[in-house]
Amino acid sequence: MKKGIGSYLVGDSFEGFVLIKESSRGLTSNGKPFLTLILRDATGEIEAKLWDVTKEDEVIFIAEQIIWITGEVNQFRGKPQMKITSIRPSQPTDGVHVSEFIEKAPVEREELMEKLTETIFEMKNPNLQRIVRAFIKKYQEAILTYPAASKNHHEYVSGLAHHIVSMLAVAKELGNLYPQINKDLLYAGIILHDLGKLKELSGVVSTSYTLEGKLLGHIPMMVEEIGHMAKELDIEGEEVLILQHMVLSHHGKKEWGSPTPPLIREAELLHFIDLIDAKMNMLNRALEKVKPGEFTGRLFAMDNRTFYKPSFEKE
Amino acid sequence: MKKGIGSYLVGDSFEGFVLIKESSRGLTSNGKPFLTLILRDATGEIEAKLWDVTKEDEVIFIAEQIIWITGEVNQFRGKPQMKITSIRPSQPTDGVHVSEFIEKAPVEREELMEKLTETIFEMKNPNLQRIVRAFIKKYQEAILTYPAASKNHHEYVSGLAHHIVSMLAVAKELGNLYPQINKDLLYAGIILHDLGKLKELSGVVSTSYTLEGKLLGHIPMMVEEIGHMAKELDIEGEEVLILQHMVLSHHGKKEWGSPTPPLIREAELLHFIDLIDAKMNMLNRALEKVKPGEFTGRLFAMDNRTFYKPSFEKE
Amino acid sequence: MKKGIGSYLVGDSFEGFVLIKESSRGLTSNGKPFLTLILRDATGEIEAKLWDVTKEDEVIFIAEQIIWITGEVNQFRGKPQMKITSIRPSQPTDGVHVSEFIEKAPVEREELMEKLTETIFEMKNPNLQRIVRAFIKKYQEAILTYPAASKNHHEYVSGLAHHIVSMLAVAKELGNLYPQINKDLLYAGIILHDLGKLKELSGVVSTSYTLEGKLLGHIPMMVEEIGHMAKELDIEGEEVLILQHMVLSHHGKKEWGSPTPPLIREAELLHFIDLIDAKMNMLNRALEKVKPGEFTGRLFAMDNRTFYKPSFEKE
Amino acid sequence: MKKGIGSYLVGDSFEGFVLIKESSRGLTSNGKPFLTLILRDATGEIEAKLWDVTKEDEVIFIAEQIIWITGEVNQFRGKPQMKITSIRPSQPTDGVHVSEFIEKAPVEREELMEKLTETIFEMKNPNLQRIVRAFIKKYQEAILTYPAASKNHHEYVSGLAHHIVSMLAVAKELGNLYPQINKDLLYAGIILHDLGKLKELSGVVSTSYTLEGKLLGHIPMMVEEIGHMAKELDIEGEEVLILQHMVLSHHGKKEWGSPTPPLIREAELLHFIDLIDAKMNMLNRALEKVKPGEFTGRLFAMDNRTFYKPSFEKE
Amino acid sequence: MKKGIGSYLVGDSFEGFVLIKESSRGLTSNGKPFLTLILRDATGEIEAKLWDVTKEDEVIFIAEQIIWITGEVNQFRGKPQMKITSIRPSQPTDGVHVSEFIEKAPVEREELMEKLTETIFEMKNPNLQRIVRAFIKKYQEAILTYPAASKNHHEYVSGLAHHIVSMLAVAKELGNLYPQINKDLLYAGIILHDLGKLKELSGVVSTSYTLEGKLLGHIPMMVEEIGHMAKELDIEGEEVLILQHMVLSHHGKKEWGSPTPPLIREAELLHFIDLIDAKMNMLNRALEKVKPGEFTGRLFAMDNRTFYKPSFEKE
Amino acid sequence: MKKGIGSYLVGDSFEGFVLIKESSRGLTSNGKPFLTLILRDATGEIEAKLWDVTKEDEVIFIAEQIIWITGEVNQFRGKPQMKITSIRPSQPTDGVHVSEFIEKAPVEREELMEKLTETIFEMKNPNLQRIVRAFIKKYQEAILTYPAASKNHHEYVSGLAHHIVSMLAVAKELGNLYPQINKDLLYAGIILHDLGKLKELSGVVSTSYTLEGKLLGHIPMMVEEIGHMAKELDIEGEEVLILQHMVLSHHGKKEWGSPTPPLIREAELLHFIDLIDAKMNMLNRALEKVKPGEFTGRLFAMDNRTFYKPSFEKE
């Protein structure tokens, strides 16, 4: 398998296709324009400088453009930087597609969809089942494409579905260990809890926040949408209110964005399963980059802690 | 005018109709049942003990029953207490009604309604105007009856409408002083900001929280309802989103129940006008009970502060 | 099955053996001594007054004494109170034992011990296994007897072992779902994390804090004891340090009593499994006392929240 | 009207007089000295580099010097930067004055003074009136010149008077809407509340903190000065104490610099009027720089929020 | 020496003079008036009930009246209570004085005054010395009489002087150990830091807060008074500002009442010496009431902690 | 005395030996390698650039290497930077030693050791004395060499011993002023409180945290070690527990790293003496660098405050 850009070391030469994630123009001290590019493929990203650019270059080498380059990896202020030696935009005949340059969930779309369908099939409460089924149907393509967040955890293609399916697996086992749990409720809460992100985030390639996302946030948007959906489906039981509560409270505390804290057993559990799955995703990915006996870099979304991999772990 | 129960002093005799607000049964040390009653009229409330009650008494003298009593005001553990000497439930022929025993806003319903109508008439943005008009039409009776809160401020009949109309008056003047303000937006936000309380609170006489109120809270409920209303009215402009944001953010901070803080000028202002009107309502009512040169009791909703009335104030 | 004292209602007559949990002397307004007793059996507790007591009574009817009484349940200040009509201390011939009057874990000691042994047997890392085995051997009787806390969660006989075994079951499943987890480390952390409570708490019947418990707390005490044990067993690998870290960090934050936060993946997970199991224990026990459609009382250890049992739950 | 330096875009040529706000010396990598200048006029500021400077240049081109330059606006690290092509210090014959290069309040001094005088004239309480009049007389020139703060809000010439007069207008309207308010007290509090800044801040051109300002702060300094003034004027009523309290408490909370919170109705109101006027000043100035449908930059003094200008606002 | 009322135990008989600290009227369940008295002497206080009081009794037995009683100590709700068997107000011929019934500092007034004088004599900076000397002269009687606080620490006659003198002793030693300290400044700060309490507190017998104390607090009042004093003495050096800063900052943080934190070495030290002396006073008095091996009651002003007296301490 | 590197000014020439504290490799914009060195001697440190380095240079000029250089002090981004003109590694014949280039306590090792011995000699409680003596014996060399912290206060050779001895002097005086203090306990607590740092910190030259230090921290490590030592010495009294408590609680609050707050008088005092000595060390060193009438730079470990040196201080 070809080595990804995320694993090149200082001194390596590079030749191949990459995607421009960001492009910004600068001026050197003697007034000449240059471009700072963030290049990426499915394994990671690297900064590059393109010197002495023409007006045409500035129009061509922009975000979401695929390019073919040769270059060499140097170090600049302690971080690797690609020194580009030749460059051209990709042609239709190159047969490359944006989706090849983006990180994906380690599980295939089909398998994720199958797990979702299976879970809905297991649900016995008809009101909960119908609402959940309707949302999956309405957003199927987006659920299987979107990341679960713009950064920190599950921030890759299919990340949202991967997060949901992983949480469902935990929920299934906890449901067996604590038989008082209402599994239908917990499953429904897990599947719906983050769907508001489909409207909060702009998309998959260079994920940002929508206006709606900034002014309302994914939690109130999803609470509202459950209400609309229940009306459309003519469902009226207490299940609608409880589902809205589960979405509303799943951040656990006012300070963390839930104006009401969990007041239902399954809502409390949903909050913890969400935390565990997000943390395991962050920790596993950070720890697989270090060797036994080493610390990871600081993890911003985990209170800036740095984690240790015991030296008795097998590599 | 007849003296209200809120102004009787220790040693006074009392005779007249009062409303039972709460009733609870107790046993004396020698095992005899008695009732502890909270009695109220439109001016205030007082505790009373009814000794040696029969099984029948326990069924008759319950919350929301109007009674006729004679008695005398004593003191018990530093607080006034009514010693009931005779008691009977009110008869239809007495011609008394629950509404006479409940505190009301100092402004009449008709006047409040007129001010609301007038404001809507002044609005120029058709989307905002139509949404606001639809809500006023849908909830007119409740808006003119409900309190603005279960305690602390405007906790009386028509309290909600009184709060809204009072805030509109402030908004009008600030809109003149700072001409950049979008008055339509500010008016619409003020009128809608607390309408979720119509579903959050149980009613007027002995106000408590509904199940929906506890599990969702008035803010997310109203955000959702604005969405429904806009759909029903087929309104689609950015005004809908902005109105939802104004309601969502009007508590100002996550810790205070707004998962998103104000990000629109008029939303920021709405938050402050709401604070000022609530505080002036609490302060004015607390200060009118004390003389110049005295402190009020502690005001729970104002960080437990006790306020001073300067001795150079005219009484 | 005989009805427990926890389920008697006002008006019921009572006859049988109960345990005195607390006893305190008072004086009536006319100067006569009486005793206020907290009586308990395995299902709950009730307050009782014993009037006109003699000097002898005061010596006999003290905490941890089993007594036989007849009486009647009254209500005093809104809470049930036993009116004792006859009383005598238990005799050896009565054949009753303190353990009958104390709440127990819903799982038998033997089964709990078996699960512990099984888990140790599964462990592959010899250093971790030896340390854990040595602690189980040293404290076997206490582990199977102590509560996990003096109040809030698992506060019953065998509560500590019940908590540990329940957490191990969760750990096993999470270990399967997230295969990167080092199960040996997680199991060892779970089994040891709260053993310091054996020195922090005074015992089972009327649990209080020891001097050591107050001045050091169970976390630093257990960290120290792991060090001692490793020395005794001549174990020197990094496992000792990591185990100490897991115990030290299992409260998650400085403010919650862990001077170091979790810096190992399995330590982070231990913290969350501990939280989930404690919360499920509190929630399940509180919710089984209320009917669908009702709220529980306030749960102090869960931020004073009151939880709702959906009305569509089967009773 | 000539275009101000605040509105030049990258690529524009510039010729004209500007004020040096700050000047600092640096060395290039090959050891040659250069100056980094912050240039400003009444509309804004821009950074500039002056290369290859002589010893003489370093002495001439210092803060508060007016210079004539020609240059061109480039971009450096995402921010505009003036590339100076020729430069000379201003001559007396140029007829330019520092005051032309500094931002001013949008209301004239004379009008501000008139409003202040008018308000004092309206006051009926002689003690309050005399104290306020004495302060206005003592500091008239400074009040009409100083900014209200060194940054964030009203940070321009006459900013303090502008802030006071704007607050008085709000107070007048609130006084009409809530007739219980003691207008004399509120007016006096507003006029005096920030006069301590005349001693806390160094002046108008490049505003910094005085030693007194750093070691005491404007609030305790003004409390003290009210005491001195009352002594001088031989005023002894409770008004002096109340005025001192209003100044002392106007930041609202200990954490915000008021060791005593407001305990007088008018002190509470003063705090809110101060907040509203400062926030409206910041918001209006930030929003007038963006188009409908855009967000402002982050506003540091408003919890770093970024505000949105609805797309239905007229530009 | 005669045993003080603070050391009587349940069952003891009492005969002697005591001071009424508080007196409040109540009604028994059958409507008869009684008085609840707080009685005190120089060693402590006890509650007492006086049954079947006449109108005359209510007028005689009021706060600050000295009375002669016989009685017996009982227990009521876990606290000792005096059962009065005979009572009469003191006569001039009894030769008893209020001052005998109030706790005093363990050091005599004369000795405290001497220490103050001595310290002032040691000071070399004439500005600091003159200001301090002037304050001691102005308030000499009050300084030697007032408590340092209304409760918590040094809350007894001469408590303020005792606190100052004790802090001066610590300062002297720290000044020797860290020779960089400016002793004059530290001494001046210590002597003046709490003199604002002479205006904040109402006096010695039943200490409460004055209006000035509530609305301004002792810190801003003293800052102002230092300013007045310096004017009166025609002192103008930086010492005045620094002294004001020391008083202003001596609570250490905004949240603790100092709007400016210490920014001078000696101010920082003053804050710590104040803390240490207050804490030692509280701790020593709480610990002298318990035996080795026991815990004190909860100390409110020390974060509600309860302190342990090691069992190896000599009693 | 020769001028130290800490006092060279921009423009000065330098010639002499210095120690490389840190060395890191960079690439210039045209791809040539260079080294950024942090050079230090006993008086301070300076950054330097070494251009055009060879592969050999990169191996030679590393941390902890002593070098001889000539150079000139320039300024780069506002900070002084050494421009190296010639460089060579030190030779054995140069007769220079690492210890000459590191800051040392202002008191000699012998004197520090003498003070420690003296204090132990004064202790009367045999259990406390034996434990303390054993620790001093075990760690004598390290105690006299280690810094008290990696930065902020006493961060120099013998800093730990200097800190302990300085605290003992304060303790001795406080013990005299407050005779209730148990001096033996306080002395023992002071000597042991920070010895855990000998395992937490890596050493003296370029101090960092050990793995143990990161995962446990010096406080729990020292609590454990006191337990071990007591076992080894066969000491069993309450003194062991109390000493462990003193170490455990000496940071004062959970948030500051002490899971249990001080619950012993001497533990409370230890916390304050520690604070005072650390703060005086920081303040004195910061203030000796500025002139009267100036402010220090911001002191990170003192809430980022900047301190003022009064202009009436003698220089």
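A, B, C, D, E and F are the chain letters, set down in written order, and residue numbers restart from 1 in every chain.
Methods note: contacts are C-beta pairs under 8 Å (C-beta built on N, C-alpha and C of every residue); 3 or more make two chains touch, one makes a residue touch a chain.
Model, not experiment: these values are computed from the prediction.
**Student:** Which chain's mean C-alpha position is the greatest distance from chain D's?
**Tutor:** Chain C.
**Student:** Name whichever of B-D, E-F or C-E reuses the B-C interface, so over half of the contact pairs are the same residue numbers.
**Tutor:** Same contacts by residue number as B-C, out of B-D, E-F or C-E: C-E.
**Student:** With chain centres taken as the means of their Cα atoms, state the distance from chain D to chain E in Å.
**Tutor:** From the centre of chain D to the centre of chain E is 46 Å.
**Student:** Could you work out how far the Cα centre of chain C sits from that of chain D, in whole Å?
**Tutor:** It comes to 62 Å between the two C-alpha centres.
**Student:** Among all residues of chain B, which ones touch two or more of the remaining chains?
**Tutor:** 211, 214-215, 238, 242, 263-264, 295, 308
**Student:** For this structure, give each pair of chains that are touching.
**Tutor:** A-B, A-C, A-D, A-F, B-C, B-D, B-E, C-E, C-F, D-E, D-F, E-F
**Student:** Can you list the residues on chain D that touch chain B in the complex?
**Tutor:** 125, 166, 169-170, 173-174, 177-178, 180, 182, 185, 237-239, 242, 261-265, 268-269, 272, 275-276, 279-280, 283-284, 287-288, 295, 302-303, 305-308, 310-313
**Student:** Within their complex, state which residues of chain D touch chain F.
**Tutor:** Listed in rising order, the residues are 24-27, 31, 211, 214-215.
**Student:** Given the complex with chain E, which residues does chain D contribute to the contact?
**Tutor:** Against chain E, chain D makes touches at 211-212, 214-217, 219-220, 223-224, 227-228, 231, 238, 241-242, 244-245, 248, 254-260, 263-264.
**Student:** With touch defined as at the start, can you tell me which chain F residues reach chain D in the complex?
**Tutor:** Of all residues in chain F, those touching chain D are 74-78, 83, 295, 308.
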